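Note that the chains are named A, B, C and D in the order they appear, and that numbering of residues resets to 1 at the start of each chain.
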Amino acid sequence: MTGLADRTRAFVREHVFPIEREIIVDGRVMDDGLRVELQKAARQAGVFGPLSPVQYGGLGLDFRAQADVLEAAGSSLIGALALNCWAPDDANIALLERTANAEQARRYLGPLASGEVRSSIAMTEPAPGAGADPALLRTSAEQVGGGWVINGTKHFTTGADGAAFVICVANTGAGPTMFLVDHDNPGMTVGRRMPTLDRTVPGGHCEVTFTDCRVDDDAVLGEVGSGMEHAQVRLAPARLAFCMTWLGLAVRSQELAAERISHRWAFGSVIAEHGMAQAQIADNEIDIIASRSLIRSTAEVLDAEGPASSSARHLASVTKTFVSEAVWRVLDRSVQLHGGLGVCEDHLVARYLVEARAFRIYEGPSEVLRWSIARRVLRPYRS
Amino acid sequence: MTGLADRTRAFVREHVFPIEREIIVDGRVMDDGLRVELQKAARQAGVFGPLSPVQYGGLGLDFRAQADVLEAAGSSLIGALALNCWAPDDANIALLERTANAEQARRYLGPLASGEVRSSIAMTEPAPGAGADPALLRTSAEQVGGGWVINGTKHFTTGADGAAFVICVANTGAGPTMFLVDHDNPGMTVGRRMPTLDRTVPGGHCEVTFTDCRVDDDAVLGEVGSGMEHAQVRLAPARLAFCMTWLGLAVRSQELAAERISHRWAFGSVIAEHGMAQAQIADNEIDIIASRSLIRSTAEVLDAEGPASSSARHLASVTKTFVSEAVWRVLDRSVQLHGGLGVCEDHLVARYLVEARAFRIYEGPSEVLRWSIARRVLRPYRS
Amino acid sequence: MTGLADRTRAFVREHVFPIEREIIVDGRVMDDGLRVELQKAARQAGVFGPLSPVQYGGLGLDFRAQADVLEAAGSSLIGALALNCWAPDDANIALLERTANAEQARRYLGPLASGEVRSSIAMTEPAPGAGADPALLRTSAEQVGGGWVINGTKHFTTGADGAAFVICVANTGAGPTMFLVDHDNPGMTVGRRMPTLDRTVPGGHCEVTFTDCRVDDDAVLGEVGSGMEHAQVRLAPARLAFCMTWLGLAVRSQELAAERISHRWAFGSVIAEHGMAQAQIADNEIDIIASRSLIRSTAEVLDAEGPASSSARHLASVTKTFVSEAVWRVLDRSVQLHGGLGVCEDHLVARYLVEARAFRIYEGPSEVLRWSIARRVLRPYRS
Amino acid sequence: MTGLADRTRAFVREHVFPIEREIIVDGRVMDDGLRVELQKAARQAGVFGPLSPVQYGGLGLDFRAQADVLEAAGSSLIGALALNCWAPDDANIALLERTANAEQARRYLGPLASGEVRSSIAMTEPAPGAGADPALLRTSAEQVGGGWVINGTKHFTTGADGAAFVICVANTGAGPTMFLVDHDNPGMTVGRRMPTLDRTVPGGHCEVTFTDCRVDDDAVLGEVGSGMEHAQVRLAPARLAFCMTWLGLAVRSQELAAERISHRWAFGSVIAEHGMAQAQIADNEIDIIASRSLIRSTAEVLDAEGPASSSARHLASVTKTFVSEAVWRVLDRSVQLHGGLGVCEDHLVARYLVEARAFRIYEGPSEVLRWSIARRVLRPYRS
């Protein structure tokens, strides 16, 4: 597997770094044309689809193997995308693999896993709807003869613009349910891309409205009423994949900082000789290595006990909280080590920092995760 | 003075907040037309020019009074600009006031203090030139009959694009010297605006080159060879003014976060009832109040002992380090308290965070300041 | 007032430092004989009783003046005690000054303010009684003809062993009430000194039981039912006095660390030349100066608006939280700067760290204070 | 191996917890009689000697297995001692195993590994000798006919009082060398036990002087001049063993805190319902789990590549730095969660905090480790 990780790193360095620089420094737009081009190169290099099932041309890696490969992919902001293992497609592939029936697999999973199309998941809603708290879900689906009618408003619907289909979570009488909605369904309107701090996801984060959106019965993914369970199962792997990939960016960021301070002269020596810069490099290294072992050991538990097991979910929460904050610290120190250049997008670390800010919020803000971690720890002590 | 601070806050709320929102949310461009319009409104409200000398239509406040007024101005990202007390003009006014001769005052200080024109200071150079370490200054000025010829390259030259004049720091045989260079001097080329993370300074942060740039003897500001001393004198007030203004933005950010969590419902109550959110609000409050008292007491020392005194400089370094980091923490927590909205520029805090990142770097990165603070503390113990 | 602070510092250095060293390093016991000896020396030096009213031989300083003098006193762990301004006597003097009737003042305040006797306050109770939450008060006082009978158990009763009197807070039908209980009241039993981490308070922190403890009507301090209000009024000044005194110890600790690293050689230079040590010295300096300005500005508000005012109480909570944590950081870094010696009580910083741990807990743990700070901040936003 | 860890935990809970409580709460002295009694019980329970070679009655575990067992042992402050795997004996056993010749193994390793005797290592010297910087070594050994004469002063010589032998590091013409010195050598004087903050190591941390201390040639451990190499090899395992054991104490501390806040009522509910307490519990959990995975993955590298390999040493430095600081945070939060009780030695966490402070200093202060970590990271970037 180390071989695959090494090849991934080499592929990203050779094929993805130059395009990343064009995007960040020269303002090249990340669109689907570029995505297809990158994924084609990945396929040629034999590193495409680490999370995709083998029958769809993927590598079908277990979680432990993903850890190394996704870290390697993450050495560029668009590396995971190039390998077809970036959000939300990565987690949607896993979700479909687990829940799609044969026909759904043929229509949705296949094209998605092979990189033919992109997908989206419509979960988060504007206030007072579901944000971090899924219990507030407002979008509803009403059963009508042979199908359903969905009504509601979503936002932060990642990748919706240009996605072939959107997985919409809506309330039914039997509870939250997931629906596969095709991009050309006239009841679904993909609105504006929200002006989020990050800019490199194809399809952006969109506002999406469902207005009397009619879907057939076979659009139901999994059982009616099991939407939250499916979302939960999707969660631990999604959190872990983010950790793996962002860790890769932290590593890259540390390399850029180390390179820079080893050659920039100030106050009588290169900056790399200054104790306070060394402290920042060491703290980066500690954060990186601690994150890496945490990710790997959690991955092993997901492999051994399944991603829906209680310990997998607990460890994924712990890992997501620690790694999202550790990565943020590493990126922030790397900016600081660049001095003035660190806040100028001529240099990658400036953009990295801005892109990464959301990682401490999406898939569970640190505070919500801490709350759920504490409850699990405290449960046995309750009288 | 509280009256003036109150009026400033009211002015900013009424006149500046709406335009700030247009800039951040709707993408309105901050240009000189808009600057002039805002400053006109400030003049009418009687809050224009808190740092400008009285004879030029300013308020001529001492440092302690500035603390309250600039914090009020800082409640918007463009409030200080509206009052004509934003960088680099604020510090350039103070510098000219102290060093300009009568003719220079007439030509440069008057128009600048009254808001008629903008200015710039060209200090920082690309590697291997002067960054945080001024000793590395590479730009040179050679004396020729009746004047000087300047050659060199600068970057991060704030506000250069559109400035009426640039104060250029260049090495002479007698040491670093400041030169007043008019915007239409054919030897000076204002190049591209660098793609820095912040976007709301008129004139941006530019690359500027001086190529056989000829200036007369009367372009010398202060004495030949005294450029570093002048820059040093400029430093403590500049650092303090930044602290005052950014503190205002931290206060605003806390207000926006408090407002939001008081109405957003999650997990059974408004977020304001959750202990972890309360901890963040409390930490914000502590950072804000600690910053405020530090700024005020340092301002009193600057008033009492002069901005060039040894204790003024020490305290300004301590204050800049603490406040820049405290403000960053406040903005970061305020983003987190907004949840997903916090990373979307529909909401001010998202932009605030990005704009503020440079504050921990410019006018002395935290690490360089810590180093100089430590040296002053340790000096008496040397054997 | 600077004069007084300077004289205080000189007094402590000359008279208190040697005895402090005997206590910490040689194990000399801090008892009342030693206390009397130290206070006599303080009186001779003209620095006795900064918080005591003038008519009782004290200096009657306002809060702002206390800030400088108590910081000076705090340069030794036993300096405040030497000046008769250490807990709980300092706050009891202020409490009695505000609430005692003439006869109570004669019998209790006079001897206490002049250092003739020590006192104690019995508030905290073992679970499930009153700890950080005063509403849980269990000790009760029942009215009987011409007096009261108190029953209940207290602990952490600071200084009880050897105190001339104890102020006991007990529930009556009309609410919590303060009672003055003489040391020889047969209904009060001062039990063991609890094995707390700190060791330098005369009288320790005791377990105290009240068993059918009979007191007369004139033992009531203030009005019946007003005990919590009195305790509240006592709180802001008590918190602030602790901040002032502990800040003094942080300053001392920084001096000891600076001294040590300026002469200890390691890895090619004195430690003072190492960047990471400089960072710790700078962080100490920042914490010290930020604490000092926060204390002073809060003291000014207490002087201007009274210690029971809403802003005084808010600022005292903010100040106590920030300073207790800043002092802890300073002491911890100073230990670290001592290397192995830092955890050996041959060196003062080792004991300082251990003694200071409780400061983040008593008179309001940081978490309880944060909670009350947040509630005050959030109140105006409630719908 | 989980079986062994479980049995270790059960043994410690049953046999060691009661005695630990007697030591901390009731002041029972930890002496060799008690040590022998505890180790006998451990032998009977089949958990004795996890680091001791099998031929000496130990379990001879590899590093990965040690991780689980030592964490279990560390659930009491004296658990590792009970299993004969506490400092300095644990690392001395490993050192002797690697370097002792047959006769030395018989005389020293056998009795030590089997718990018959204790040992000590005399490395650290008072200023200006060797502290964190071993290059400052002052103790010298001069070759005389058939042996050596050692002169020098050591301190922080852990366990020296009562040790059967001391491994003394001294400079020879050929470089630093290790010597086995028997306790009854008349040239070695074990002086006072230094008043360190920790109190539970049998034999304390002593001052030791070597005055014309004569030893034979066969007292040389390993080769003459190879003392630093041996010390280095000793270092990674010693650091890791400390991490494993102290992590156990952090886990215990979290359990005690969780237990307490689940039953203590304040402000309307048990403390476990308060968000800020939950945040501390969650942060503890994150620190514990991150420490555990870091320890385990470093242990695997030590097993795979040997404890002297470059990556083993780097990872051991990273792990020691992270874990020592994480454990300190956990213990500190656990104190805070106990409220006032947390600083009273009726409760274990008070003593745990004090005992643990040295862990951030010994075997490499965090700052020295950060320095060496940074140098390793930066090496490839040097031009």
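Just so we're on the same page, a residue touches a chain if its C-beta (ideal position, glycine included) is under 8 Å from a C-beta of that chain, and two chains touch if they have at least 3 such contacts.
Per UniProt, the chains are A, B, C, D = Acyl-CoA dehydrogenase family protein.
Fair warning: this is a prediction, and the values are worked out from it, not measured in the lab.
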Looking at A-D and B-D, which one has the bigger number of contacting C-beta pairs? A-D
For chain D, which other chain has the most distant CA centre? B
CA centroid of chain C to CA centroid of chain D, Å: 37
Separation of the C-alpha centres, chain A versus chain D, in whole Å, is 42
Rounded Å distance between chain B and chain D, as computed from the means of their C-alpha atoms: 52
Chain A: positions in contact with at least two other chains: 263, 274-279, 367, 370-371
Residues of chain C defined as touching chain D within the complex: 25, 124, 127-128, 131-133, 135-136, 156, 194-198, 205, 263-267, 274, 276-277, 280, 335-336, 339-340, 342-346, 350, 353-354, 357-358, 360-362, 365-368, 370-371
List of chain A residues in touch with chain D within their complex: 254, 258-259, 261-263, 272, 275, 277-279, 281-286, 289-290, 292-294, 296-298, 315, 318, 321-322, 367, 369-371, 373-375, 377-378, 381-383
Which residues, counting only chain D, touch chain B once they are in their complex? 274-279
